[in-house]
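Step one of this worksheet: look at the structure below.
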Amino acid sequence: MLEWSMIAVGVMLCVALVLNLWRLLIGPHVVDRILALDTMYINSIALILLYGMYSGTQLYFEAALLIAMLGFVSSVAFGKYLLRGDIIE
Amino acid sequence: MSMHLAVLPILLPLFGGLFMLLPPFSGPENYQRRRFAALLLMVLQISCSVGLMLQVMQQGPTFYALGNWQAPFGIVLFADRLSMLLVVLNGILGLGATLYAFAGVDREGKYFHPLLQFQLMGINGAFLTGDLFNLFVFFEVLLIASYALLIHGGGKQKTLANVHYVILNLIGSSLFLFALGTLYGTTGTLNIADMALRIAQLSAGEQVIAKAGGLLLLIVFGLKAAMLPLHFWLPRTYAAASAPVAALFAIMTKVGIYGIFRVYTVIFGEQAGELANMVQPWIWPLAFLTIIVGSIGALASPNLRHLSANLVVISVGTLLIAFALRTPQATAAGLFYLVHSTLVTGALFLIADMVGQQRGKALDWFVMARKVSQPALLGILFFVGAMTVAGLPPFSGFIGKLVVLQSAHSAAEILWIWPIILIAGLITIIALSRAGTTMFWRYTGEGDRSQVQRVSRWQVSAVILLLLGSPLMVIFGAVVTDYTTAAATELHQLQGLFEVMNLQEATK
Amino acid sequence: MEALYVFCVGMLTFCGIFLCLRGRTFPVVLGLTLLSYAVNLFLFSSGRLQLDGAAILGISDSYTDPLPQALVLTAIVIGFAMIAFVVILAMRARADLGNDFVDGREPPDADQAIKPTRGKV
Amino acid sequence: MSLFWIPVLLLIGVFVPLITERFGRTACAFFTMLAPALALTQIATLLPEVLSGQTITESLAWIPAVGLTLSLRLDGLAIMFAMLILGIGLLIILYARYYLSDKDAMGRFYAYLILFMTAMLSIVLSNNLLQLWMAWEVTSISSFLLIGFWSSKSESRKGARMALTVTGAGGLALLAGLLIIADIVGSYDLGTVLASGNMIREHAMYPVALILVLLGAFTKSAQFPFHFWLPHAMAAPTPVSAYLHSATMVKAGIFLLARMYPVLAGTELWFLTVSLTGLATLLLGAYVALFKHDLKGLLAYSTISHLGLITLLLGMDTKLAAVAAVFHIMNHAIFKASLFMAAGIIDHESGSRDMRKLNGLWRYMPYTATLAMVAAASMAGIPLLNGFLSKEMFFAETLHQVALGSLSWMIPVLATLGGIFSVAYSLRFIHDVFFNGEPIDIPKTPHEPPRYMKIPVEILVTLCLLVGIFPSFMIGSLLQAASSSVLDGQLPEYSLSIWHGFNLPLLMSFIAMTGGLLVYAYRSRLYRFQSQFRETDAKLIFEGAVQALVRQATALHEWMANGSLQRYVALLLVLTLIMTASPLMELNSAAGHLPLQDVNGIEITAAILLCISALATVILHRQRMVALITLSVVGLIVSITFARFSAPDLALTQLAVEVVTVILLMLALFFLPQKTKNESSPRRVVRDLGIAAACGGVIATINYAIITRPFESISEFFLANSKTGGGGTNVVNVILVDFRGFDTLGEITVLGIAALGIFKLIARMRLAMPSADEKGRPWSEDRHPLILAMISQSLLPLALLVSAYIFLRGHNMPGGGFIAGLITSVALIQQYIAHGVDWIKPRIKVDYQWLIASGVLIAALTGAGSWLFGKPFLTSWFDYFDIPWIGEIELASAILFDLGVYLTVVGATLLILANLGKLTTRYRPTVEE
Amino acid sequence: MNFWVELLISSLLLLGGLFVLVGSIGLIRLKDLYVRLHAPTKATTLGLGGILVGSMVYMSHQYGHLTIHELLITLFLVITAPVTAHILAKVALHHEVTMMKRTRNQRHVTTARMQLPPEEQEKQ
Amino acid sequence: MNLRSRWLPMPFHSLLLLVVWLMLNGSVSLGHIILGSVLAICIPLICAPLQVPQPRIVRPFRAFRYVLMVLGDIVVANIQVALLVVGPMRRIKPGFVAVPLDLDTTLPITVLASTVTMTPGTVSAEVTKDRKWLYVHVLDMPEDEQQIINLIKQRYEAAIKEIFAC
């Protein structure tokens, strides 16, 4: 059961990622793309956690944590760029 | 300390450069301290290198297992006559650049001396390392330092040249990594000597893959060495750089040449079975074209810096020929030529700068301008440099040319090599005589002596230091040729290398 | 899996190289970044592809080849340093040369195809 | 060592004038003469020995590997030349003392002259082919310096360059020829070579060697068609013309022919080439000389003609001809040197050399005129003068020639014709200058020169007479010795008497004299005839040719190196493709034997994401902001890929690096165009697509070929020793900080240097800050959004904690100093983004430069620490300690090393980003130092 | 593994996956940027929360002791996700991104992007 | 400056850090507690210059309850959003509201804005310069927009005011 549900969740995550990419490509506004990217970060955290469970290892937890931290910084930087152009001022 | 001598040519400049970034050496007001430290460092570095060289000459090649991990597992430094020759050469060039910079170049921007030290570190590392990936790392050290040094002083030309130089080299670095991946993926090792042992034992298919990797590596070295058609970056880059930087750059192409000599003699050398001497067929035409294009560039050069840069290209072609000839004799010839050409082209860049200082806006361009204010001094320096680089006796150039010519033996080799080298020599003479007569003999008026800047004693001493090799290599020609011959023999004697590193046992 | 992997490497190489051949600095930087991804994946795979075998002792029975990973780590850091340099260099070039062309000037053959032929005055 | 003294003395002598210049001109000349005088004395002491037929040799090993020995040889030929060089040289020095004006740098002039003398003497004394060549080239160089002595004159510079180019080219040919000869013989020793004549002549390479050596000789001796440089060398001060370009240096070519005569002569090829060249030169020189209005021009062409004569003699198939050649070398040197000196006096005292202006000087300088007339008569071959004797021998020998088969009769006829012109121009020299009416506006009123200026001329003219009248007594033995060396001891019967009875040569002389008189008498017609031809100035042609060469080279160079990076990159890639594709074609199948692994949906999705976003980056690269976003996706997928294939460290690193890179790119993008038009022509796009696709294909193929094949790696060692030898379970980290710690040290050095370099780049940057975005919308006024600032502040401690966590576990689990450093950096960057530089600057008082330096320093010092324990650099240390209550803890030097890495990364990243940020603030980095 | 534990984990995972998917579907389906902003900020975050809890339970069960470090990711997300959304909304306002016609109170956009109180407009 | 505020400028932070450290390491061994405490003391000291003083949480228990409430709200309301997303699009009636704020310090405003964003149906879009208004984008706006304003003010702002006692 667990394995099957993991596979099902995997499929869902894949579909979600593809949808994110779709939004990222079509835009139309840059903010849409950033939003899509940010969502992708979160979805990939999910994917990594799932993979960790699937292979029964905790080795990838830090990767997930890092994506959470860095994805935020990157999205904020993008946002700041669109607001001010100069992200460190 | 003598036991750690092999690592000092790398660590001394590293520590030196680092200390210069820290108090009490850092800060704009402490430039005198930095200069003193730089001078001291260069002297130390040269002493260590010479010490190691003497040790190598007495006791044969030696290696240094970093981290106490034996080859092929750890990184080893490998010091033989070949690498020590280049390390010492690098030290001399570095000292020249340092001295020259004391005249003021080092204050045209930040970090001059530390960067110079880092570059020396990178170059020394590239010469000393026995590990292919470590070679990549040191390539990057010397490259990044050279990127930073190239923009020293600022200006449009430098920026533009740097853009080209950096981008091409970044692609080159990518190719290097592709090559490393390929070679590691087939041989399963990174130690150069170990790779040589393993490459012969590969299956046919794997050998083909390794061959592709080896050829990729040739592109990388060729790019550093400015082999045709990868040389286009060189003239503009060298011509744009500050004089001491350009002088130091004279050895940068030699890093590529060294890589070619080392890697293709050891890994793809005689013992490599099917892959033995696989790059020679590629090198021949490229070497010839390099000389031809360098000669064309020399004729077309509008100023002395460009001319010197193109002379570097010609020297690269000549060295490639020496490599392609494959014999120890030719290698020895190449080494002699390498030392001589590096020193003299380095000196020429400095001379170009000094001449430029005294000709007003005309700088070192081949146009009529005001008279140089120290014609005798600069004239003699230029004259000696020109004679040397043109291969005219009694300076070292003619021996350099001679040994290369002598190492061609078969009729086919003679038929190709001699005309090209000799004609390139003639073109060099034409170009340099035009340059010299225009810069020193063709002038408008005497110029206002009061506002002319006299060259500093640092500059003169730097040039003399580099030019000194020219007569000394003739006077003590026997010593030098003995050394290069021994170095070449050592390079071609792979068995010795394996034994020194205890490799066969390790792999068994 | 292997085929898929090398396809991705090839694709990254393709994209990277194509961008490296552009005439302005920014796409070239993008290209170099993509190329460095390709390089890292390539170098990484020289130890062969292995699942569930991270080179942490004591967590599994078989381990992947740790050496290429170490090499790639070094390569990533160096690549980062280089990209950082070239990015700032691109800015500097813009500042010094007034444009962002890699040659410091508009390429002679630019706009050939796109510029509509001027109407007769 | 007696022989070595000669060149050594002279070499010292080079510096004498430079030092003694300050004592006055006369003193300088006197001291300068010392060295040659001493050398001449030394030669004189050796003269009896040599004249008795001995060859003195001395040698000293120099560079054996090259075949270069210092080896001297004094035989008849050498001593004859040596005496000419030193003897005439001394006279020239004396003469030049009066010739040069106050403004000329006398010391430098004499130094060049002695340098030349040394080189020339080294040529003739050389017993080693390479040494000979060395000296040969030095004569070219010193000649260059002397011709260009009056360097402000355009003609001097051009004449000097032309001479250097032509003789330089010849010198290179000569080198090749000598190398071939040495290769045949197996030695550079002249004695050995001279003894191997047959071996050389029979060798297949003989023709090549001969032609190359002849090219050297002919260019130096101004033989047709290489004669053109010599007249322009006359831009040199007259003493130089007299010495180098008449008496000695141009004779070096002749000397070489004579020297190699035993080895190279004796074949059809030699006779034909040498004699025809000589004949052509003889005629051409004599003919052109007649039309030169410049006194020195006339003498220059006369010199060419006489050199041709000597060459012709050496090319003749008789031994007697060789003797005549040697004889004429001496005679020509003597009379031509005196003539040049006379011409110099005339120039000096009248201010002109134009024979159309110079007339009737007899009245102003009768004494000089007498001397000049005697010398000119010798040149014309008038009896009782030395010129007559050798010319008679020459005429006699032309009659014995068979080299041209049935056309051989032409040789004496043409020789006589040459004689006619020779008489004619000699006559012109005498008549046109010293008689023929009054001078026409010459700058000075001519008068006799100073006393001592005449002495050299007097001595030489006296010699002309003495040799002409008492030939055997004067030079008989010397000629014999010299000829004997040329002919390898097999001297023919000859007589040096003035009178041989009425014979054909005498008739030829007679014809030449009357013919010469007639030609000169009817010269005006000849001038008219000649004026139909446009006079060609070799200098212009040569300069034109060189300039055309330079132009062509420039055009070619600009075509090749057009400054387009795109082209250079394309070339690099195409070469890469060719080189890597060629071996791949030998590979039967890319696929190896390893079983392929299955692929699942997630992997396919990731691949799709990767490929599409990479492609999107390419397609959208002109919308730069969007391209950055797609690039981020690529980076994300790459790190997930690393995670997938068991590389957690890589995944972490890639993630962190990627974010920092994108931030960096964004910082840069602010100053760059946001969007650009499509600027590539479709052709360019297709080309680039082709190259890129091919590269991608090749790389993918190689990659596939690698990963589908098994291999044996050294990695087993790392897995086995990581814990026991390196004290860590994260093998990747142990490799980084221990097994291959040296790489890591280099790597952080690179990072540190990059930061310094970037700081340099930023420091002088002057960029306009866009005040609005691409659409012209002004930037938002909210510089530091409230909520962002608040959250960033709260996240910082958390991020630092995570950073510490990643750092500390690195040795055993994924992590390490680098990643920890990046996390810290990103956390701090986040503060910069949220609060701005103005706010941070006073709060973080860390000098990032010091941070970098101390980081690398800590790592390096950790490595050097092992020296204290007598271990190599970077030898690691670790141990486990059991601490009550807490349990076992591990301490390792690797942690310290990693700390260095950490500090470097933080320092470098922040140095870059913070300073980049400062660009737009009042903290803008400025030009430093 | 205990069936109930398995069921718990499975349902947490499936629920999480579902929310993640919904968030991404929302990203595609919703018609304007402001509206789209809601989907990932909430649904995706919640979905990830579900998966994190699932993972926590799973790991704790697997390793026999409580593993709660996943909470840390949740903590981060809870802190950061609203800020991201806030910043993006700010950008959208600043860029005057087009919104659905039926969006009410569109007048607020003008004042909001200037960070001014709403009354000022009403006064004018 | 007393000893505590000098060496432990942010006790709440420090405690949080210690907890996080133990969570990260998944261990409560003495070694980790010591190491964690050291870090929990050192890191705030390092960060201190970069921290702007904020009102303290005066009622931690209230805060805890608030967190639980918000979590509950998130879960419950997320389902509503999910239904909206998968349902027909025409049902969505978005709109902006301007919420007047009683809070005026950074941290409380931030907490409120974040809460508003995390809870379904609303995204805080902008805070006015004078910190008196919070602009909120509402996914599904009820007919009476005051309803939303009241919800935010009463359910969340009031709680926050209590927690920070401001």
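Here the chain labels run A, B, C, D, E and F in written order, and each chain numbers its own residues starting at 1.
The rule is short, and it goes like this: contacts are C-beta pairs under 8 Å (C-beta built on N, C-alpha and C of every residue); 3 or more make two chains touch, one makes a residue touch a chain.
Source: prediction; values computed, not measured.
**Q** Could you run down the chains that neighbour subunit A and subunit C together?
**A** Shared contacts of subunit A and subunit C: D.
**Q** Suppose chain centres are the mean of their C-alpha atoms. Which chain sits farthest from subunit E?
**A** Comparing chain centres, D lies farthest from subunit E.
**Q** Which pair, A-E or B-D, has more C-beta contacts?
**A** Top pair by contacting C-beta pairs is B-D.
**Q** Taking each chain's centre as the mean of its CA atoms, which one is farthest from the centre of subunit B?
**A** Farthest by centroid: F.
**Q** Using Cα averages as centroids, what's the distance between subunit A and subunit F in whole Å?
**A** Distance between chain centres, rounded to whole Å: 23 Å.
**Q** Centroid from C-alpha atoms only, then distance subunit E to subunit F, rounded to Å. What do you get?
**A** Each chain reduced to its C-alpha mean, subunit E and subunit F end up 14 Å apart.
**Q** Can you compute the centre-to-centre distance for subunit D and subunit F, using the mean CA position of each chain? Integer Å is fine.
**A** 75
**Q** Approximately how many whole Å separate the CA-defined centres of subunit A and subunit D?
**A** 61
**Q** Subunit D: which residues touch two or more other chains?
**A** In subunit D, 563, 565, 569, 573, 628, 644, 648, 669, 699, 703, 706-707, 711, 713-715, 718, 739-740, 743, 747, 750, 753-754, 757, 761, 780, 782, 785, 787-788, 791, 795, 798, 802, 813-814, 916 touch at least two other chains.
**Q** Which parts of subunit C, given as residue numbers and ranges, touch two or more other chains?
**A** Each of 16, 20, 25, 38, 40, 42, 45-47, 51-52, 54, 56, 67, 71, 74, 78-79, 81-83, 85, 89-90, 92, 102-103 in subunit C touches at least two other chains.
**Q** Specify, in ascending order, the residues of subunit E that touch 2 or more different other chains.
**A** Expected reply: 18, 23, 25, 37, 45, 67, 69, 72, 75-76, 79-81, 83, 86-87, 90, 92, 94-95, 113, 115.
**Q** Run through the chains and report each pair that touches.
**A** Those chain pairs satisfying the definition are A-C, A-D, A-E, B-C, B-D, C-D, D-E, D-F, E-F.
**Q** Sort out for me which residues of subunit A touch subunit D in the complex.
**A** Of all residues in subunit A, those touching subunit D are 10-11, 13-14, 17-18, 21, 24-25, 27, 30, 33-34, 37, 40-41, 44, 47-48, 51, 59-60, 62-63, 65-67, 69-71, 73-74, 76-78, 80-89.
**Q** Which residues, counting only subunit D, touch subunit A once they are in their complex?
**A** 601-602, 605, 608-609, 612-613, 616, 625-626, 628-630, 632-633, 636, 639-640, 643-644, 648, 651-652, 655-656, 658-659, 662-663, 666-667, 669-670, 769-770, 773, 779-780, 782-783, 785, 788, 795, 799, 802, 806, 813-815, 819, 823, 826, 829-830, 832-834, 836-837, 913-914, 916-917, 920-921
**Q** Could you please specify the touching residues of subunit A with respect to subunit C in the complex?
**A** Residues in contact with subunit C: 55, 57, 59.
**Q** Looking at the complex, which residues from subunit B come into contact with subunit D?
**A** Going by the criterion above, the answer is residues 3-4, 7, 11, 14-15, 18-19, 21-23, 26, 28, 31, 64-69, 72-75, 107-111, 114-115, 118, 121, 125, 133-134, 137-138, 140-141, 144-145, 147-148, 151-152, 154, 163-164, 167-168, 171-172, 175, 178, 181-182, 184-190, 194, 205-206, 208-209, 211-213, 215-216, 218-219, 222-223, 229-230, 232-233, 235-236, 282, 293, 296-297, 299-300, 332, 387, 392-394, 398-399, 402-403, 405-406, 411, 414, 418, 422-423, 425-426, 429-430, 433-434, 437, 440-443, 477-478, 481-482, 485.
**Q** Any idea which subunit E residues touch subunit F in the complex?
**A** 18-19, 22-23, 25-26, 29-32, 34-35, 37-39, 41-43, 45-46, 65-69, 71-72, 75, 78-79, 81-83, 85-86, 89-90, 92-93, 99-100, 102-106, 108-109, 111-113, 115-118
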